[in-house]
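Quick heads-up: structures coming right below.
Here chain A shows up in two complexes: once beside chain B, once beside chain C.
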Partner chain A sequence: MSGQKSGLPGKTGETLKSWLIMLPGLILMTFFVWEPLFESIRMSLYKTRNVELVRWIGLDNFISVIGKDDFVQALTNTFSYTVWSLLLGFALPVLLAMLIGETRRGKGFFRTAVYLPNMLPGLAVIILWSAFFSGKESGVLNILLGHLGVPAQSYLTRSEWVVPIIILIATWKGAGATALIYMAGMASVSPELYEAAAIDGATVWHRIIHILLPSIKKLAGTLLILQIISVFQIMYEPMVLTKGGPDNASLSLMQLMWQYAFGGSMNYGKASAVAVIVTLILLGMTAVYSYFNRKESDWD
Partner chain B sequence: MKNAQRTGVIRDYDMHSLSVRIGYGVILFFCGLMVILAVFPLLWVVLAGFKDLKEFVSSTSIVPQYFSPQPFATTWSQLGIAKNYLNSLIFVVGSVICALIFNGLLGYGLGILKPKGHKAVKRLVLLSLLMPTTISIVPLFMNIQNLGLGNSFVPLWLSYGANAMYVILFVQFFESLPRSIVEASRIDGCSQLQTFFHIVLPLSKPICAVIAIFAVNAAWSDFLLPYLVLRGGNLQTVMVRLFVFSTEQTVNEDTMMRSVVFSMIPPIILFFIFQKQLTENAVSVGIKG
Partner chain C sequence: MNTPVKMVSLLLSLCLLLAAVPLAFAESSEVIDADLTCTITLGNWPPDTAAEAEKALFEGYKATMAKQYPNVTLVPDYYSYSLSNYVPMAKGGTAPSIFQPPFTDPQLLISQHLVGDVTDALEQFGVLEQFSPSYVEMLADENGRIYGLPRDGYVLGMHINIQLFREAGLMDENGLPIYPKTLQELAEYGQIIREKTGKAGLVFPASETYGGWLFTNIAWNFGCVGESALEYRDEDGRWVCNFTSPECIAAMEYMRDLKWKYDILNADATTTDWAGAHTLLGTGEAAMNFAADDSVDQPTSNKGLPVEDFALIPFPAGDAGRYALAGGTCYMFAPDITADQGIALMAYLKILGKLPFLDDDIIAGMRADYAAKRDRGAPVLPAISAWNDEEYNAAKQAIVDEYCNVDMRLYADFFDSLSEGTITLKSEEPVFAQQLYRELTAVIQRVITREGADVEKALRQAEESFQEYLDDEINDI
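Right, the complex of A and B next:
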């Protein structure tokens, strides 16, 4: 095919025009995603004043950031978020998907209902739940537990409870959407397979263990690592709900980054150092993910 | 035959067994519980909105004393939420347009035109999927400041034109289109851009609808970058306003709950109109985690 309509001959003209069509998108991706990632690395190596890079200081930002108590605390908390999220939020969507998948009537209704919280603005959800867990007598949980005779208590000021509570809220918002993904995975099993197994005498329980669960094994692996990566970036939830408190017990790494940059001190260099550390940890996790995912990828 | 089509582990003849029937009852019970858990907090926040401050902080009843729309009307006019709604609307519309055009064109290049070297870009896009944009929000904000784009919708709109997830959704859809249609259009003398707007786009209404719905919701809920760019100005969106309330604690708790209700109304309306598209496509969009 020759490019009669272009001034350039044939294939080269086509290629050039194709790249021109992609150019606006590429510029935006560069400006909003790729360049800032590299800029983070550069900024983390500079002493900054407001938006200016003052001078190159090597790894000083990193040393100063890591040396502080709040960094150690934030790192520990972030891992604690991850562990709690796996405990509370990993198996639940599988269970929800199994339950909804077995309903013989109203499946669409159940699907819709569990997906609803996922549509709500994350910020509004956090504020809503903050009133729920309020330590006042008028806090919803206190009202509800009050009917059972449990005295009113403060939930968000207990350092051992804040992390699980924040994960609980995140799970409330996200579990339904994840359940729909599992449901799609489970739907790939042909009903005839269950029929055949049943004829061979397999009980419902056997069918779950030997057919249903193996069918989502791979999907569960992918979702597991995606969940870890996503929880690792938790930021606005503790920022809004507890401001990282009590005593930094819910402070996350990303929140620490935000505090350095926008919490008054405008220390963009140190904020970038935290961002680079988080990026490195995420890259490590991503490498693990792609290692396990490499066979099924059709992106080559 | 009907039984074979029905999905699920429990088959029709299992229902003859008592233990399975009890088990099925338990399943229905938990599904009902799940619905209550999903909906109750929403119901509560609306009920709480009817309470005034005194009742909100002191009452130990979930149901308000009076059901008068007055508190909502007062909050709406006192805080001037109408202005924030308008700002949110402008932000959302611009974001959706950018999301469709820029990601769509990039997806067209990567999924249909496939010029020499496109694979490297495709990998880069895929990789960015796993890197959150929040992580580089500091340098991004600095770049926006340096370009003098602070307190403007432009950088926020354009940020929706750089969404790796939407690009990949477009690519996947475009690759599923029959090549012959695109080739026929090229032979008929349409340029690449004409082919996109006259042939590819009209065929891509389903994916455009899905991306538009998700972009509307994402833009409406967005507040971190919008807060940094719009704070202090008069272009604040509903979510930016809510974020300012929550960090500066400038409003009372009852007003806060009504603001939460206001911020949830558009997504809930969107949800009820497009629930089918949303729940069916949650899989492809949600897999990003």
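Right, the complex of A and C next:
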């Protein structure tokens, strides 16, 4: 016994140490993530007066919110944002990463160049693009198209154009950062695979199809779900660029939530109901993704 | 004059000068209440980037307060009010002692118990009775307790860019713009301006709540008042939304015509906000803008339109009325202010010249304010007073005349319409005005972006939505 160290027995000590290491994170998570989340759910079930809970009303906030035209419009728009973001923004970072990966000279420059928009403040980007898409004759796009004889258009007042335009702007800002992640993923592919393919006479196209894309499939799946989650929470872009208009054509669910809370009515109960609905939709999507991902892993 | 005489003269002059200094500052250095001890935080303090004149002005107010109330500590705060940032601050006890919301919000803040009561402090200063009754109505609860003071009142009219009127040939023989006196003329003159200059005849900020806000005034002039009001209380005391009256439909059809028949609106109307509208007028992209007398500095000193090319005219009349929306910005107070803080805040507002008192400091404050306006190229105009105090109002007018930097003929009809009563002032719709504006803005957006939009159907949908909101928030409680 004389050789044994004092203190807690081995396993218990290790467990305690682990908990101590996690403690700051757990405390922060509890106060800044879980507690507000719990409060939001609780608030969605109450009639509220500003942030005070007046009385329990069950699911009335949800029923009232879902029954309104603007919710249906916002939900449709939010899915529309998601679809457009997949069309415009999912393949682009992969393409950028492949092109930069294949570049022989100036790779560093291109890496920095594609990431640059991500370093600009979000609001500045929106203001920049609002000048580009301005419907005035002095709008940049109108000037450019004017040289081709196209009359000035009012792009941001066309309900069918606003969502793709907003996604185009978001993609311009965010694609570079995603491309860098793909580049890191692509860099981890063993060079021996490429060498072997080259010996077998594989073309660039074959290398992409049979080596590169399969090796980043899992990464792409993760980034896909992150992109959907991120786009589903789109708010400041439409808020600044189109203010949700025209006629709610660019209103997103998160913006609707903001309107309930801060748009003049201070109805935090309904705002929380919208937030809970968004959370449930995202949880559902993530669960579906996880299910198929697990199934695919099983097949592998 | 020999040297000793010179010396004596110099000494005498110096003595006289030294004696005069305390006399000149006697008023401001006089201690009014040395026992009042508290701290007040002052929202809307000019930021470091503000004009030097403005910063000096507020430092002067602070110095005067320190002399008159030596034990009141003033804490400058750059806080600028918005409903979304104020609520958490008020609930968390960090709201500044005084802040400046627009007149659309006081009733909401009062009903939610988010602001402080200053009735007793006002009584102590003897100004309670001098409030304009319409302002008292806006700033009091149902028991008559006062929670705010008017900072300044405004009346909605129309800003004019004279350069574009000149270019369009809409000037009379006296060199004054031939401006629209009716909403029909507004459409026609706007069309002339569009054809002659290629610029928008009218800038209409149809985003967020701005479009609905301006539309209410148009609707009143189409007859949406009394039994056809946009919202009213029925015999059971329930609030009812009424967007589908023939008058309201006609007003919305007029909005549609401005876009599709006369084509006078600015290109990006649905993304244009209040500030954007002033920018378009100030930079010569639009000839007319529905705006008030309190924002004349926006297109001029802020956006570079010379004051001689700017005019303010009355809100155009409709077939069924000639109303102009009256509102403004007010001072309100944190919900947890003490009685002493209430008195200190009234003392501060008195120094700012916002209470109907006349003394050297207040007159000096007014002069400094108007001088600062003139120096930065903003029109110095008569203010619309919220106090029923003739002496105070006359003194203020005399100072305005002294600093006036504009051709008053360009403003005469606007102010005459108020003093002669040819235009009827009307405050905003009584309940949940911001939500009402939001609903109407959505309808406006629909009719100006879709040529074939069904106006009545769009208004009915908005009516149902706002009615549900009224039921939720006020009728079914």
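Observations on the model:
As a convention for this text, the second predicted complex is superposed on the first by the 260 of 300 C-alpha atoms of A that agree within 3 Å, B and C clash if a C-alpha of one lies under 4 Å from a C-alpha of the other, contacts with A are read in each partner's own complex, and residues count from 1 in each chain.
Heads up, the rule we're going with is that contacts are C-beta pairs under 8 Å (C-beta built on N, C-alpha and C of every residue); 3 or more make two chains touch, one makes a residue touch a chain.
Since the model is a prediction, treat every value here as computed from it, not as a measurement.
Superposition of the two structures on chain A shows chain C clashing with chain B. Touched residues of chain A, counted separately for chain B and chain C, are more numerous for B.
When the two complexes are overlaid on their common chain A, residue A:Lys136 makes contact with chain B and with chain C alike. When both complexes are overlaid on chain A, the residue A:Asp70 reaches chain C alone and has no touch with chain B.
Contact with both chain B and chain C is seen for A:Val51 once the two complexes are overlaid on the shared chain.
When the shared chain is aligned, chain B comes close enough to touch A:Leu212, but chain C does not.
In the superposition on chain A, contact is made by A:Gln233 with chain B only, not with chain C.
Contact with both chain B and chain C is seen for A:Ala261 once the two complexes are overlaid on the shared chain.
Mapped onto the common chain A, chain C and chain B collide along 81-89, the only clashing stretch among 81-89, 261-269 or 459-467. Across the two superposed structures, the residue set of chain A contacted by chain B and also by chain C is 51, 136-137, 258, 261-262. Touching chain A in their complex are the following residues of chain B: 3-11, 13-14, 20, 23-24, 27-28, 30-31, 34-35, 37-39, 41-42, 44-45, 48, 56-62, 101-103, 105-106, 108-110, 113-116, 118-119, 121-128, 130-143, 145-146, 158-159, 161-162, 164, 167, 186, 189, 191-193, 196, 217, 220-221, 223-224, 228, 239, 242-243, 246-247, 253, 256-257, 260, 263-264, 267-268, 270-271, 275, 278-279, 282-283, 286-289. Partner chain B is touched in their complex by these residues of chain A: 1, 5, 14-15, 17-19, 21-22, 24-26, 28-29, 31-37, 39-40, 43, 51, 96, 98-104, 108-124, 126-129, 131-132, 136-138, 140, 142-143, 146, 172, 176-178, 180-181, 184, 186-187, 189, 191-192, 194-195, 198, 204, 207-208, 211-212, 222-223, 226-227, 229-230, 233, 235-236, 239-240, 254, 257-258, 261-262, 268, 271-272, 275, 278-279, 282, 286, 289, 299-300. Across the complex, chain A meets chain C through its residues 49-51, 64, 68-70, 130, 134-137, 139, 152, 154, 156-159, 241-248, 258-259, 261-267.
On chain C, the positions that touch chain A within their shared complex are 82-84, 87-88, 91, 104, 108, 112, 114, 198, 206-209, 266-271, 273, 285, 432, 434-435, 438, 441-442, 445-446, 448-450, 461, 465, 468-469, 472-473.
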